[in-house]
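We call the chains A, B, C and D, going by the order they appear; numbering starts again at 1 in every chain.
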Amino acid sequence: MLLDLMLGSLLLLSALLSLHSRNSLKSGIFFVVFGLLSGLLWVRLEAPDVAMVEIVLGSAVTSLLIFKLIATARIKAVKVHRIRKFWAGVISLAFLVYMIPYLLTLRKEQRIEVLVFEKLSMSGVESPVTAVLLNFRGYDTLLEVGVITLAVFGIIALNKGDKVYVWRDPLVQSLSRWILPMTVFFSFYVTYLGTFSVGGAFQGGSLLAGGLIFLSLTGQDVHIGESIKKSLLLLSLLVFCGVGLMYAVTGYGFLVYPLPLSTISIILIELSICLSTALLLYTAYRGKV
Amino acid sequence: MSLDLGYLVAFPILGGLLSLIGRLRLYAVFVFGLLSCFLSFYAFLLSLKHGKPLYQWVGGWIPPLGIGLRLDGLSGFFLMFTAVVFVGVGVYSLGFFKSAYKEREEFFWFFFFFLWAGLNAFFLSEDLFNLYVSLEVLSLTAGVLVALPGHKKAVRASLNYLLLSLFASLLYLFGVAIIYASYGSLSMHMLAKSFSEGGEFLYSLLPLIVSLSIKSALFPFHFWLPPAHSSTIAPASALLSSLVVKPPAYLLLRVWIEVFPKDKSLEYVSWVLGLLGALAIFFGSYYAIRQKTIKMLLAYSTVAQMGYLFLIVPLYYKAQYAEMRTTVIEGFTMQAFSHALAKASMFLASGNAIYVSKRDDISYMPGFAHSHPFTFFALFFSGATLVGLPLSGGFFAKFLLIKASFEVSMLFQGVVLLLGSLLAALYVYPIWRESLSFQPEKIYHLPIPRLMEVSAFALGFVAFSSGLVAGFLLQALSGV
Amino acid sequence: MVLSLILSSLIASLLIAFFKEEWYLPRTLVNVVAAFYKLFVVAYLLWATYQGRVFEISYPMVPFADFHLRIDPAGLLFVSLSSFLWLLTTLYAVGYLEGSPNRRRFFTFFNLAVTSTMGIALAGNMFTFFLFYELLTLSTYPLVVHRGTQKALKAGGVYLVYTLLGGSLFLLCLVVLYTLVGNGDFYTGGNPKLALWVEGQPLMAEFLFYGLFFSMGVKAAIFPLHGWLTRAMVAPAPVSALLHAVAVVKAGAFGVFRLIYNLYGVDLVQSMNLWQLPAYLAGFTLLFGALMAVFQEELKKRLAYSTISHLSYIFLGILIPGQIATMGGLLHLVNHGIMKITLFMCVGNYSQAYGAHKVREVAGMGRLMPITTLSLTLASLGLSGIPLTAGYLSKKYLEEGAKMAGVEWALYLFYAGSILSVLYLMPIVFVAWLGKSKEEKRNFPETSLLMVIPPFITAFLTLIFGVFQHQKLNPVTWVKLIASIEYGP
Amino acid sequence: MISFYYILSFILVAVSVYHFIAAESPFKRLIAVNILGSAVFLFFLTTSKNTPSQNPDPVPHALVLTGIVVAVSATAVGIALILSLSKREKDES
């Protein structure tokens, strides 16, 4: 309980500091702290998968993007009028007041988890989160992959011909030679881990993206052709849609994996998501293909 | 007759992906555009024939475990007119990118198809979380489409829109989380059974409704809309203004008539929304009348026209009898439908005006009636639809809604609807006048690409003449 | 059959919208073929309806109201009048607009307006009536502002203000009708459901009646609502001729006919005394229009005020209870249409050939354009109610009807109207024949033949209808049929 | 403990709503949106613990996972927009 209290108050503090500080860099740093703390909190709430995503994606990749922004853009702050602040305060307080009675209604609810564990054996994977993510609610994930792809192509469309930020330091340069192979190996391992334990495609993909971004910081790039890169970016969505449609055309129904084929279908989709996510996040960071 | 509803989402996505491959682009656009359109129409006919809602459990998992898709008259209708608008705008864009913004075509089609997929997913879904993901697809696509021209104004509008839209999405998610915490399900048809009077779902009401109001630009959350919809290229404006604001209002209708129980506090909420809708009609029209540029005028007109969809929320609550309920749904759908087509046509025609005159001001609007009759017809018919003159679909919408409100003796709604259409006449009139006026310096003989003229005309004409087949179209809604 | 009446002009309209501006011949061909076809159908229907056959068509448009078209004698009267005049006006317009721009747009909307007129005549319930009534507004707006000048645009704006406000009132009444009464069908002798409702809600029924009357009154340019008509005279002559003398204004008058005879029913209107207030208003308009006409210098304005005045004849005929008065009103609807269209066409010829717009500018036209002036003279005589013309006949019925109903004041108004008609029409005739002009006489024909013949035909008809009163083909026969149906044998 | 986390999430929502409305720059607004996201995820994950059984409910975990990925994507677009806006402003001055 004490741990919860401490973690919670630290979380709140970091959020407040991040939002209150006038300096963008400070605000960015506190935001990263906020991300890491919330990752810890998710572990505390017995959600290790989420914690992993939060740390590699929510705080690592986001903070990279944020620092890139702080480094390259001049952020103009405008004076906020007192009346606006007043109303903002009124609205948020009103929200709190509105939500207080909710705390009185709390009771423990039987929910879907029983169902999830019951059907887990039919999903083709052993990790319940992965089962929900890629089988029970696979359609959500399809759209989610769509969202990432969409976001990245949006970024490409917006920033045609952006400069890439380079970090010229001999130590970094030599480190990068070691880091990339390791991340490649590790990310695929995490992805595979997802089928039966903590881990998964998004975590793996984000890790790989981290390695690639590190590589990019040293002024290098992944030397593959642009068209191949583009098709790799689209790979996950193509595979996901393709698998879904394949089962729809063969009469099972959209995204209905027949039991013997479900494991292989999920692994195929996971691998493609891992690869594409990595490249997509990397592209999002660079701002171009 | 059966149809896997997954096709309706997967094929537009595939079309979007393939359109990124330079050599395949036109083929992908043609094949997947036609295919998606065909699927939407097929789905509409299916819903028309079937009468009852058709459910599909994606992945074969029954809710609460899996996600349900639902095809009924209402969603079929929305799918259908979404397809009509997309085909119209698609045809227009084929001509548009030949003449301007050539470098933007590379990505346009990608977002075009993703927007279509997102809308289809939204209209079909009956899972609250899945709706959240679809909403995010929509807001991201819309955000990028706003920024597509790449100039400062567009980027700023896009940024403001995107941030607000994200904020609203998260509020929505918060509402969904509250519902999930208490009811352990995300499926609308299951929640409909477990919601009861005075239940915990009332706590989700505030975040849900605020979020949906922001997303469909209800007064006073409308401020993001005019800059966002007016600063981008014509086909994107057409898609955004005609379609992207509709899903939240659609969801509100759905939730209200299908999920919410009878609850006194809901009645108060419905009146707040109704009043805000009325204010949206007045302020939206007022600002539309005062605008100097045609695109801003049209954007404010969207604010006003969306007001109708909220003005009638108190009717949802009052619509106790099955017959009345159908009338309200019919009026809502007709309004959404005819506004979508007419507004798309108007924006496309305004794109033609900018194409020939290179200006956006209403007072410099070309005298289309004397040089480009098709664009004039487009403006004429779609304007009449916005005003709600017979035979247009807009007339039927207003007639049905006024009638419904008089039946439950909500004179307020009826009178506002009537005044609203008079106000609409006031902002449509300058467009008509300028396009009919004969001033030699405002008559351009520069030919407009045929596809751009014909698509604008076709959308406007369909919007106007849809009234003739209103009876047939509305049959679809009888089973909802 | 019913649909082909509507479709013939609708298809012509749509086809012409897709024709290129330069395609003069195909456009004219489509126009003329459609008009002749329609006339042919009308002829058949006249015969078949006289035999007692009923034609109708309906399909559900909204859950509570059908799209309902029905042919009854009254509707057919209006249909035959407008489709006959449509043919003549189309021919006239082809000549009038020769060489001017935007003929494609003109004929598109012109035919659309005719389609709406047909729909108004054939509508079997108030809902369908309203649809076409508003469509008529919409399709005539581009015709009013056809030339695109500032003056025309201004007139168009005024036109829209009047008609849209009227339309909103109409819509409100329609909703009340379909919500409270639940049925707006037209029946011979009145809608029984409505009659039932009226018993419970007499006050509401009164309001509904006046509301509907005034929303029709906008198009029929009854006194405080007449402002648009005189301004709308900036439109090209064929538009003023067909639409502003016949189709639009008479759509309003015809609507009042439907309202009284087929929705409320004559008995109800009489027993509730609903007809009196509108009748006073019509009487005032009669005098007002005629007086205003006398002081107009501009020819078209003078004719417009004359139209306002003469519509009140029709109104009074329809409103005053009694079979004879009704006959007079309906007969005047036809006769006034024929005579007024002649006048407008003749005036159009003057302005087209010699640029004469004002009364004194027509001096010498008798010498320069004898046939046109002859047509003008015949029609003027008719409108003034000189014996042996169609105008005399309808006025005779009107006066007799007023006498029989004991509405003395109307009788005096009719007399006054006739005298004023003479006062504002005869000067034109005199100036045209007796005045002197410096213009050289041109060779025969006076102007394009397409513009000379149509007014001559209608002027000739004025005479024929006046002389051969007892022929079977005279509109009187038809009007008698209608009156006997509405009042019962 | 459950109520503590609920209260925490409500406070975080309130704070981020305040800062979203009263933000002095788009960047701050973006951070506020991200914190709002975390607050909602916190609420969601807390509900997964609020069950009678031993195991936490995995469905909210999957939902939050999706939510995080979506939020990061949207943030990335937001950052790209801010960058592009500041570049356009720099070009002008």
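We take it that a contact is a pair of C-beta atoms (placed from the backbone, for glycine too) under 8 Å apart; a residue touches a chain by one contact, two chains touch by 3 or more.
As the structure is a prediction and not an experimental result, all values here were calculated from the model.
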| item | value |
| --- | --- |
| Maximum centroid distance from subunit B, chain identifier (CA atoms) | C |
| Pair joined by the larger number of C-beta contacts - B-D, A-B | A-B |
| Rounded Å distance, subunit A centre to subunit C centre (Cα mean) | 72 |
| Inter-chain centre distance, subunit C versus subunit D - centres from mean C-alpha coordinates, in Å | 68 |
| For subunit B paired with subunit D, centre-to-centre distance based on mean C-alpha positions, whole Å | 27 |
| Rounded Å distance, subunit A centre to subunit B centre (Cα mean) | 31 |
| Subunit D, residues touching no fewer than two other chains | 13, 20, 26, 32, 50, 60, 63, 66, 70-71, 73-74, 77, 81-82, 84, 89 |
| Residue list for subunit A, restricted to those that touch at least two other chains | 95, 99, 102, 109-112, 116, 136-137, 140, 144, 147, 150-151, 154, 158 |
| Chains grouped in pairs wherever the two touch, ordered by label | A-B, A-D, B-C, B-D |
| In the complex, subunit B residues that touch subunit D | 129, 132-133, 136, 139-140, 143-144, 147, 150-152, 155-156, 158-160, 162-163, 166-167, 169-171, 173-174, 177-178, 180-181 |
| Residues of subunit A that touch subunit B when the two form their complex | 95, 98-99, 101-102, 105, 109-112, 115-116, 119, 135-140, 142-144, 146-147, 149-151, 153-154, 156-158, 227, 230-231, 234, 237-238, 241, 244-245, 248, 252-257 |
| Subunit C residues touching subunit B - in the complex, by the definition given at the top | 17, 59-64, 67, 101-102, 104-105, 130-132, 134-135, 137-138, 141-142, 145, 147-150, 153, 156-157, 160, 164-165, 167-168, 171-172, 174-176, 178-179 |
| Touching residues (chain side subunit D, partner subunit B) in the complex | 13, 20, 26, 29-30, 32-33, 36-37, 39-40, 43-44, 47, 50, 60, 63, 66-67, 70-71, 73-74, 77-78, 81-82, 84-85, 88-89, 92 |
| Subunit B - residues contacting subunit C, complex | 323, 326-327, 330, 367, 369-370, 373, 376-377, 380, 384, 387, 389-391, 395-396, 398-400, 402-403, 406-407, 414, 418, 421-422, 425, 429, 432-433, 436-439, 467-468, 470-471, 474 |
